[in-house]
Each structure stands twice: as structure tokens, then as C-alpha cells.
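In order of appearance the chains are A, B, C, D, E and F, and numbering begins at 1 in each one.
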């Protein structure tokens, strides 16, 4: 597969104009405050007694997310490690969920507390029960409720993700000053959103081949993955003004979260990525306000650096004093 | 494209064993009774005053469907025709909706009252607002609520479709003894379901390249369209027993509606159809209990006979005394 | 599918240099005059007595086109409407024909006389019997006779299309001052050609996602549809000078018809159209000399606005006083 | 690519019933007699003086084929070889023509006279000027005139091919008792047809991965190449009875030419051929009445044995005393 | 994707005849004995001091494989676990290698010693330096040296894999009676080969969607992955007798290793697997001589059960007393 | 297929900066000197007695190439032609070999001595036996030994190709002042390399759609063929610095051979070539130091001008006095 976007030199200086809603901060303040108010109870941690893992303690978690609704997660704690531990939260790519607890063992093996957060509706354990009045969608979750920021799917999911940080910081085994958010593709976009929304609560962000950035460019250039669902939606729903749709998306765009972030961040990008075209990644990266670095996988597709990127992350966190003792 | 399934000779005698739930009739009796009870008000007909059509009167309809929820439809009446008119109800293919009122003008031009029923959730005007507790889905509507017959999407949509017959029969311009159900692909599967559920209320059924028949065979053999969403769902949700899913689908399968139908029916099938493989069509057709005929488009793909099939339908209805005077 | 061509801003100012043959007007004057001379008899209208349509009278038409050869068409007249009626002529997309008379009911339902013109050779009812001396072709009609403007297929088809206007204007039910030409893809290219060739005889032109514009750009950029047949032809027939081929095409290019047109025109374009790349559409649109407007379907493929575009056309014609009373 | 058809064991005994027209022989006798009568002049041989080849003398040939129309060919004679020479006639694959004279040098290098016959309409030098009354076609030549055996394209092309044998046998450099017909794909189907039509005039036939055999099976199973044009035609022209089309094809089917052939023949087949499925080849091969053998390329696609097959042919001809001294 | 092979009922009784070389056992006895003789030194274990993992000790291993050549592996030992530990050896899929040490953490997290064996030539750390006299290959390793069992690539790789068992059993932390072999795709085929070659040295085998079984069927039916390289090789090298190639492969076929195995085995298969068609898996499974079970993923592609299969394996090993205390 | 690269105007002035290694000339001087020293014996010419060709004498050649290893070739001499003859050497495209001796008969038929050189490892008759210490590869030969110029596959193959010139010039039938190198794709890249390395020993170069030019651009833009193997390699072997790989390739790049060439050259390029994008061809062509011309096939894919290009070459050589008398 050849390059899917601009050459690297152009990417490095790519700064498109994308309208920011005037009430962006108000929208999110109110959204998050409402979710916190709806959280009537604490997170619940059920230890998996029958787990065949012996170096890790596994907990099946339910924490109150959007609307106080229970969001599933796995918490993995390295057995016998001395609290408080630094922690990594991982958000998941599009059309999956938290999976099985034995599928993501890196961070706990490295001594971190590790929380794997389910994506409402996309997996099997966290419903997205909200009725969606008056609007419909095509295919996946990308367009669910897209005609109104109040009802857009990612309002709920991003809120869940911010709540996950708040919940984990309160866990007795976790050092609240060393909570890192991470993810690839949709998970990367979510980590970026949380970095922009949760401020100092986040110690660092690991943002791999992020989705959810510069949606218009994604719709215009991506040939695979969920961005084309936007074009499909607007093609099917011809009575819908595209500006309405992109107006909604402006509340959920990584290019607006990036300048609000303060935590250091390590991005990655694949220059042959047909799903999250590099220009959408750089549109956000170039505006990121915290300390930042990016691993450019010149021949990487949407898999980016695959197994090499986590290794880079382990080293990068250690250099910043965020690794376990 | 070559043949996508068995040769025609084998299709004609294809009679696979497919389990029928013991409570099939009870399930549907209760489902339909509940919907009727929920219909607190009458259907509403808003005449489109600004319509640029001059030979047809167009009404934007909302009638109470599943749960009494408003279902959109278009009603087209040939202007100046003398009531009571024979009527055709058309259900729509997967991932669309009733569309625009000027897009389906055949039946009204032929002198029939014509009701085009929206598919909840798939179009723009009929939400499918039910929360779906505890289960999720992939891609489209095929798997929405699939782990429980009570919550499966098609329980709601098929109920809407039966309700449409009941509603239209009560319209003053319509001859209740001459209401025909029709559709292609998903619309064909819905017409077949209604023929099986609504008994004498249906005067005839026009079932083109129907979907929603013999799901297991569809999942095993279709290479395009929505049947593969079943395989995708069971591939992603590996903890779900396939028997659970196919157990749900048994309540919604054309092979079980077919032997309950009494109205005459005209089917069609394309032998090169990769979306609704011919064996799934014949599995239902071979069990159809009413008078029946089938147009075999030997070189047809999922488009079947395209424009030729409606012409066949016009003649076939006329032969049976169902055409306008 | 991503954008298939330049961004919209560039399209709006795209004005490539394309050579116009010096004898362009002479070529066409002589061509049309010859066809008129060859038309020894009048058009024939055979009413379809057995038509199942009741709001429309249908006529199977044969009118003398190129060389006086009989060209098939359907004429649909709204039953009982008071003459003279405004009329719409529709030309057909590549590799089809006029189809069945019940397949195109919009314009008659809206009160217009409607003539659907067959494409010689492409359908079933109008042969293209001319022997083609000394030159050959690949695949479809795109390259038939392409090495000589005198023998090129579109010389004959475009002449048929102009003749259709002249014929319809003489019909007693038709208002000759309100004859509109229309079509999509090839049909759009033909409507544009007729608008350029027939002058005041055309009251308006509806030009959707037009083909037959800026052939060289089409051959260089289209990935689907008939433009690649040009590349295939020149690839197979390597002894043929490309300039010879494009020299022929210069007599049939929408970019040369556009500045000759005087009637108002409503175009459409899909920015994700891989068959008629947007730059080929704008190359003609930007030179169009009559009053003009264009509906830009930013997420449309070669289907453009699908059912929404005809609705736009109905309104646009009404605004210009061209609709039925 | 996996196997495209039955396993080899089944192929070897595959003998489908295919109707032979009662007047098959009369049809062809009359067809050929008419063509011979139309041949008012002799073949013309123009020596290419400027040829850069030094071991071969090249002639640009025009001989009277169907309707006496001039058919192009190349004749290559090994320079200085003593007449009379054995000769090979090569027919060409679909959608090409005789090409350039330097592109096919094997047989002349092996000491044979070699005639490469153009395919009317498909190349650049032999028009197919016949008007085709009342019927049309899709895509290529496969469906040109297909609704009537009198007008079907292959009636004209096969006649040209028989005429080529008669012409070459009369050439002073050629031994009329050692004229071999050959070709691959369409060329193989033509060689088979000529072997069935020309009787003792043919000394041997080299039939590689032949097309034009058991059309119905080809239409039902081939996924690439020209057989799918049959399905496309019958899909577009739905008013045409498939039996009419296959009735025409019965006059041009290798399965009917095969039992009429007397010359020895060497076939080839690729078991992974998606263009000419092996069962269509064996349907003809199993009925071939002359001495016969077949090279089975178990892993060959439509290229069959590629360069290895001609070598097999050289040896096989030598074994039968047909090679040059 | 639909089913890629026979229905399940047929698979369960599929027992094709595949020739076993008379000297099969002698060939392998000699091969393995030679490798053992060549192993002049012990395995080397270099502890990765800088590893960021804290619950696992990681060793970069080199052990003497085929020809005594150094083969790379990772050894992961759960930190602080009491020896002797049960152990799992994992072989790798086609066209990869042992990867990075942090990429495969399941077995060590579950308390097993875990050895991840590199595939010579396919990864980055284990060359396959043997010159291959006189024979060539296409694409990947599948055809390297395929014309002679002595030189075939898998002779060397399978020997490495047997040697890995012998080496690991001698490690002081490992319980030699509880060494399990495992892998998916190529890794599954290798685990099966080792189960057949190493006898009692293997305590159990975990064989997922195995490759390297019934090569002829694979070449005839697989549409993706490495089996088609066989067809490609035999298509390119037409002078090579297919029997020679399949004669070589008979020494390396899972269907011959299976009846020699004695350890219990857990297989898996995906019925929609286009890479290792289910019939090739069942051809081996049905002959497996040890205690056996198979997880059938009815809707699984070549990913089989993905993350669910390892969980099944953990439970299955525990039931057999092979799990850590 | 549309254009695959820049418009022609930009191509004509495309001059990218590509680093030339400082020791480029030294590297090659030493490489060639070493190969010459290793050639302990003369070339061997075995006449094929059983050849069925009668106008050509065929010799199966083995000449000492890289490391003195025997390289296969076919020598075809027009029978009875008077020595000394001008000669053409042909190098072969990727993933093939010299093929069969009867497959390439043009140049001998035109009176030239013709040497067809095998590609080590890619065909069946010339092994590439060198062990490759410490580095691996993916797929084909493109990446074999790519991490070190000393071990890169093309060092050996290009040396073979230079040696072929030296060997042929010493043949008694050949005029050493009229030895032409030629080839398409990989063969074109090799002909260009030899033109740059062999100086006056080459009388002319025929370079068709050459591969092996501006590798970085090829890796970034080619969508088919072997250039993407570079991206695949760097994607799999993420620990390898891309600069290391491109540093190796700088020793083997046509853009560096071009300015060293002195012989006249005829290039070709296809503007719709997805395998060797036109910009990679022009990157070399624009730097070519000898007399030069290029045939631009504006609608050509990787086949370029197909049979037309050799005819151009025959004429072009004749014009330069290099044709046989």
C-alpha cells in the first residue's frame, strides 16, 4: 500500500482551520457535571476468583458513567505489588469492546494497575440504552444521534471515558498522580479527548493512530474504516445539511481537545494508514498543547508500529518518572 | 457472476428441516394483540399540499405500530379515482426507508391506493426508540436484540408491517378485501411475514427476492448483504451460543410464515443472487401454503427481474381480479 | 469512498484549455440538416391499449432520427390533462435503453408530457445499423467509429436527441415553448449537447452528473464507467495516434456545447463520483452560457443526489414558469 | 486461485446432454457454400519489404471470408525453406486481433508456414461491417446478433476461419495435406470449430483452453472473461427468452463440432481456469471424434501451460509426421 | 464470508487417502539424530536486564537446532514462581518470527514457563543460512527446497521445533513431564508435527487452525494464505512434476504426524477459514491417535476463536493436571 | 485505470534529490573485479541438438557470474548468418527466469545474436546459493540481504548481468562493438545498471518500463508489484531503520547508474503503470547521460507499449547502424 496522504513535510506543518463551537467548554462542563451527579453509587469491583492467571489479580468492574449507567471494565493488578501503583487506562478501537480479561496483559506485567474500559454498545457487557429521539444512523456507532450534539453517541462514550479516570484515581491501589490514558484508533481518539477534558487528572496520554480527529478531512479522504460512514450517512440522508452533521462533530473533535490538554503525550501515526489518514492525526497533533512527541511509522498502515509502539511507550513513561518503582 | 447456489432442479425440491418454536403462534398472537392495545389513537393523514404531483394525492401518514409508536408512511391515491380502490402496501429493503414520496409512483399510476411503509430505524422518519437491555449488535439492524425474541428488532418491524395492513383496510378510499402486500429483499421477507400473520386480511402477496428466510443457510452461504452480519456477530461475540441466536431467528423466519399463509403469492428469485441465495428463497417458497407462483430470473442477481417483475405483478393481480376497475 | 477529484474550491474555478475544432458549427449544421432531410415521414405514435396504467396514456413512438432511421421512445401523457402541456424529454444512461414504459413515471405524474428516448444500439428497440467502415471498437459504444468524427457513434445518437426535440415540439398535446431536456450520466451529456445544438427550441436543461465532457480528463482520472474505455482503446490500438481520437471527441464535448447553450440549466455533481469525475462536470458547467445553477452533492457518488435531485428539478422548473398549470 | 470446477476424475467422464439443432449440418453447409460463392477474387499477398526480420518473409494478406469481405492475416514463411511446407494457422483470443507481424514467430522459426488470422471487428484491420438488424448486444462480440443464428457474430467469424484453411491450402509454398489449425481460448474454440467443419482439409488441431464450448455451463460457472457477457445480456434484455439465445448458440458450440472432427487433436486445459471452466473444455473434449490427447495443467489458470504447451505441440506434431523435414 | 469448505457433518467423517512414504520414520529418525549430534553446545540464556516487565523474567535464548545452528527464542518465567514449572512452547505463524518479548504474555501470567520459538528465516533473529542447491522457490518459504525432502525448508524448521522441546525439558525451572506444545496456523502445524515426532516428551498439544496438513487439498481449495504458493510454484515451474512436489510434502504432512502422536491434543478450526480450509484440519484431526478434542468455531475465519481459544486451552490444561499449582 | 502519477509535463522536469554513496564507484569497481577474478573457466555453450527450431541455432549457456557461479542463459543464433553479428542481451522481469528457449524469438529472427540471461534464484536453472548471514527477507528477492550492500541480492544479479556482456563480446559470432542490452521492468532496470557499469562495452540500451529506480518513490507510490515489498519489509521489521535500507538501495539505483552511462538509450514508460510509477522512470531518464529518447505510452499500464515497443526498438537500432547487414 502506498502513502495514503500528504508527504511527511507537509504533514508537519498542516494546520487546517476548523470551527470551534463557542460553547465548547460550557457544553462539556455541563455534560461532565451532569454525569457526576448521576453517579449515585461507587464503582464495584468483583474479583474473578476462578481466573487462571497467577501473576495478576483480575476484577470485573462496573462504574457509573454517562447518566449513571453502569460501564464495564477490567482492572488488572500485578499480584503482590506495593500500592500506590501508577496506572494505565486503555480505551478500545471501533467495533469491539473490552474483550476477555486475559487478552491485554502488558501493562500489568510491567507493574502498572491497568483498567480496560468497555465501549458502550460496541462490546457485550455495556449497553447503550439511551433512546435516540428522532434521528437514525447507518452501520456502526459513528452516526448514532449525529444530528444533535446532545444526543450524539460520542457524548456518552467520551463521558464514560472521563469518568473512568475519576473512578480509577479513587482506587486504593492507584497513585492518583500517575494515571495514564491510552488507546489506538478510536481508543486513541478517546485518550486524546480525555486528555483535553480531564486536565491535571491525567498524567500522560498515549495516543496511537487516533480516530475522531478532523472528521471532515476523514470523510473526504479515508477509504476504509468508520470515517466513510459519515459520507454514507450524508449520502443516504440527503435532506440533512452536512453543516448540521459537522456542526455536531465539532464538539467531539480531537483538534479541539488537543489545545486544551496539558499532560505530556506520545502519539503515533502510520503514513500508509487508509483508516485514519495521517493528516487527520497531524491536524490534532500539531495543536496539542502539552509536551508531545510522535512516532512516525513511515511504512505503517492502520496497525501503526504494532508491537513496537507499546515498547516505545514503556520507555517513554519510564523517562518521565511514571513507571513503577 | 455465476450461479450462487444449487441448480434449479435441486432448488425446486429443497426442503430443509428447520425447527419451529412450539410457541410460535402464541408468541405472535400475543405480540400483535399487545400492539393493537397500545394503539391509542387513529392513523393520521396529512395531505402534502405543496406536492408538485398532479395525478396523485399524497399523504404523509403516521400510524401506531409496535408499542403504539408512530410509524411513518406515504399514502398515494390516484386523483379522482372512485373509491373503494384496491391497495398495495410496499415494505422497503434493508438500510433504507420510505424515501421521498415521488420515488415510487407505479401502483398509484396503475390506479391502486399505495402505502409505502417506513422501516423503523432504517430511514429518517421513524425512530426505533426502544432501549435494548443487555444485548448489543454489529453493523446494521440484523442483530439488534438478537439474543432474545422479545427484544429482536424484527419483532417490532414485523408488527409495524401487520399494523399497516389493519390501518389501511380501515381507510375510506380502500377496499379492505383487496389489500396486497409487496416488497423486495427485506421488503419481500416482510410481505411474506405479513401474509403468514395477517391471514385473510391480505388479498395477495408479492414477494421479490425475499430476505429473512432460512437464516442459517443465509449465514452459511451469502457472500454479500446482511446475512453475513450474523456470522460477524457470532464471530465477535464468541461467548454467545449460536443456537441461542438461531433460536431467536426461528420466530422470524419466512419458512415458518409460509405454511401459515393463505393468500395467493407471486414470488421471484434470481439464480445469481449473492445476497439472498436462491436456496433460502425456495426454502420458504416450497412451503408456502397459498396459491403460488414464482418468476425465476436465471441470470438475475439480487436485482431479480428489475423492472420486468412489477409488470408481471400488474398482470398477475389483474388475472386474479385484484386490479382497479 | 473518498473524494475522487479536486476540492470544491478548485472545481469552481477550473477552466482547462480544450481545443475547439474550427468547423465545429459547420459540422453540426450539416449533420442536423442532413438528418432532417432524411426524415421522410412523420413520427408514429402507437397507443398501448393493454397498458395497466390508468392515470397515464402511453404511446410507443418511432420517430425518424439520424439517416431517417426509426428511433424508439415512450411518450407518457397524463390522462385527461388539458393541452398544451409542458414537456420533459429524458435521455438515458450508458448501456441501457428506454426500458419499460412503467419505469419512469415521475414527469407524467407531475403533469408534464414525457418523452423517454431510446439510445440506439444500447437498448433493445433501436438498432444502430450503420456499417462502420475501417474502424473498430472495444467494449461498449464509447469507441465505436472513434477515429473519424463522421462515423463516431455519438454523432448519430446526438442527432437522434436533437430530432427528439423537434418531433416533440410538433406534437399537438405539447407546448413547443416549454420543452425541457433532461438526463443523468450519458443522458446528462446528451441533454447538454442538445441544449447547445437546439438553441431556443429548448426551454431548459436538467443535466445530472453528466458524462461526455472533457474526455481527456475523464480518460486520465475516471476509475470506473465508460471513460476508461478510451484508455483501453488507445492501449489496444497502439498504432492509433491519441490526438486523432481526441480530435474526434472534440466535436462531441460538453465543454463546447456549453458556451453555445442559451436555455437555463440545472446541473448536479457528486464529489465522490468515480465515473464522471467532478472536474469533467465543472469543465462544462463553468463554460455554460445560459442561466445556470448546480446542486453539489458533496458525498454523492455517480448516483449524485438520487431521488432528491428530481425534486429539486420539479421546484426549479416551477420557479421558472415551466410547470403545468 | 483454487480449483474452479469439478475434480479431474469427474471431468474425465463429464458428458452433459446438449441439444443439437436438427439442421446443424445444413446450416453450416449452406453458410460455407454461400461464403465460397461470394469469394469473387483470390487472396492477396503483399510482401512487407521494409520488414526488419531476416529469417522470415512476411506477407500482409487479405483473403475473402464471409460475404467475400476481406479478412486480414499475416503469412510468415521461413526464408529459403523448400516448398511445400507444412503450415499452421493460428486464430486469436477474444478482444484482440492478428496484432503485429513480429509478435508470433514460433511456427516460422520451426520451419512451418504460419498464417495468423485476424478476428473481424476485434482487431484493427478487419471490419465486421454487417448491419445487425433488430438485435443489439452488450460489451463485446459475444452477444452481437445472438438472437438469430443467421446474424450471430460467430457465424461470420467461423466462416472466415474455415475459409482461411481453404485459402492457405492453395498457396504454392504450402503442402495442402499438412495444414494444422491452432489457437488458445477463442482461438482454441475456433480451431475446434474448423476441425469439425473442414473435415479432411485439416491435418491436425491444437486446441488450447478453448472458449465457445457448452455456453450454458460457461454462463452458469465462469467468473471472468466473456461467458459472463451472456448472463449480462439476458439480465439486461429480460424480455428475451434464454432458450432463444441458447438455441442460437447451439449452432456454434464446440460440443457439436467435436464429434464431426476427424483430424487428430491436442487439447489443453487449466484446472484453475476461471475464464473457460474445465467442464466446458471436457464437454467438448470427451466428444471429440478424432485421435485426441489433452495436456492437463493441474495448477494452470486461463494461461494453461503457457510456454510449455507450444513445446508439447511441436513434439506432438513431429511424432505425427507433420513437422518440416 | 460464507463457509469455505464442506458442511460440518462431512468434515467429521472426512478421511482422504494420502500416501505415506515407506521410509517416513527412518527419514525423521535420521534427521533428528543428525541434529542432536550437531548440537555441540548447550542452549544459552541471556537475561534481559533492562526489561520493563516486573512480573516476568525474560531471557533471550539461543539453542542449537538443525545443523547445530543457533535458533532464537524468548523464555518467560513468572518471577518468583517455584520450580519446577509446567511449560508451554509456542511456534509462530507464517511470515513472522518470535516478535518482541512483551507481545506474548499469557502463559507466563498464568504461571507457566513460556518459550516462544523463532521461525528460521521468517523473523529477524534466526537466519536460515543453508544454501539450497539447484532448486528455487516462489514468494515465501513454502516452496523453498521443495523438490527434495532432504532440502525442504520444513525439514529444518520442524527439527528446530523438536529440539526446542528437548532443550526446554532440560531447563532447571521446568518440569520435563509437563511440556506443552502450541501454536496457530503454521504454529499449529508445527505443534502437531512435534507431537508426532517427540512422543512422550510432549505432555499435550494445542493445535489451532493448523497449516501444513493435507497439502494437496490445501492447494486445490485455499483461496488465501500460503497454500496457493504451491499452485503458483507448479504453475511457474511447469517442468516440475507435481508428484515430485507432493512426494516431498508427504514427509511433512500433519496427516502422517497425527497417527504417531500420543499426547492429548486440543485442536481448533474455523468453518469460514479461507487460509486453512476445514477439511485440511479434519484430515489430520480425524487421524490423531492421542486423546483429542476440537473447538469448532462455526463462524470463525482463520482467526478461529481468537481470544476465546486460549481461555479454552487454559481450562483444558488445568483439567488434565498440567496447570501450575 | 487512470493516471498513476504526475502529469506528463511535471514528469519531464522531475529531478528529485537522491543521495549517492561516496564510494559508489569504488564499490562497483571492486565488486566487478572480484567477479572477474572468480571466473576460473570460460563460458560453456551446449548446442540443443533436439531443438525443433530450424531457422535458429540454440545453445544452453553457462557462464561464470558473481563468485564465479554458473549463470544460465540461452544463446540464439540465426542459422547460416555471417559473423560477426550484432547482438542483443535480454534481462528478465521480476519472478521469472530465462523461460524456455522458444519463447523469445524476435531478435534472432531479426538477424541478431540473442542472449537471454537467467535471473539467479528467480527461475529454475540458476541458483542463488549464497548464504545470507544475519538478515532475512519477505516475499520475493527485493529484500534479500537488503540490510547490507555487500549482501544485497541485486549486487549478485547486476554483476551477473555485467558479466553477460563481457562473455558475449568474446563469442566468435558476435561483433563486440555492437552489443545491446535490453529488458522490461526488472530487465529494464538491469539494462540500465549495465549501461552505467559497463561503459563502452555496451553499444546501446533498450530500457522498458524500468524497475529498480528511485526506490523510495516506488515504495511510497506503487500500488502493485515488487516496490511494495519494501514497505512490507520495513513494516514487519520495525527495528530496522528505513535509512539503513534505503542506504543499501542507493548502491543499486538507476538514478545513479544513469549519469554514468554513455551508450545511446531508448526508454519507454506507461503513464498508467501502477508497478513502476512514471516518476520513478523519469527520475532515471532525466539523468541519463547518453543520447536518449523515450516512448511515452500515455494509456499504457505496466505492459507499456506491448508489441509496439520492440518494433520501435528494431527501427531505432537500425537508424543507429546497429542492425544486421
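As a convention for this text, a contact is a pair of C-beta atoms (placed from the backbone, for glycine too) under 8 Å apart; a residue touches a chain by one contact, two chains touch by 3 or more.
Computed from a predicted structure; not experimentally measured.
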item: Chain labels contacting chain B and also chain E; value: A, D
item: A-B or D-F - the one linked by more C-beta pairs in contact; value: D-F
item: Selected pair, out of A-C, B-C or C-D, that shares over half of its residue contact pairs with B-E; value: A-C
item: From chain C, the most remote chain by mean C-alpha position; value: E
item: Centre-to-centre distance between chain E and chain D (centres being mean Cα positions), rounded to whole Å; value: 50
item: Chain centre separation (chain B, chain F; CA means) in Å; value: 63
item: Shared interface positions of chain E, touching two or more other chains; value: 239, 307-308
item: Touching pairs - complete list by chain label; value: A-B, A-C, A-E, A-F, B-C, B-D, B-E, C-D, C-F, D-E, D-F, E-F
item: Residues of chain F defined as touching chain A within the complex; value: 219-223, 228, 230-232, 234-235, 238-239, 242
item: Complex interface listing, chain C residues touching chain D; value: 95-96, 121-124, 127-136, 138-140, 236-237, 239-240
item: Complex interface listing, chain E residues touching chain B; value: 1-3, 7, 272, 297-301, 303, 305-308
item: Residues of chain E defined as touching chain A within the complex; value: 52-56, 78-79, 81, 99-100, 102-103, 105-106, 108-111, 307-308, 310-311, 314-315, 318, 323-324
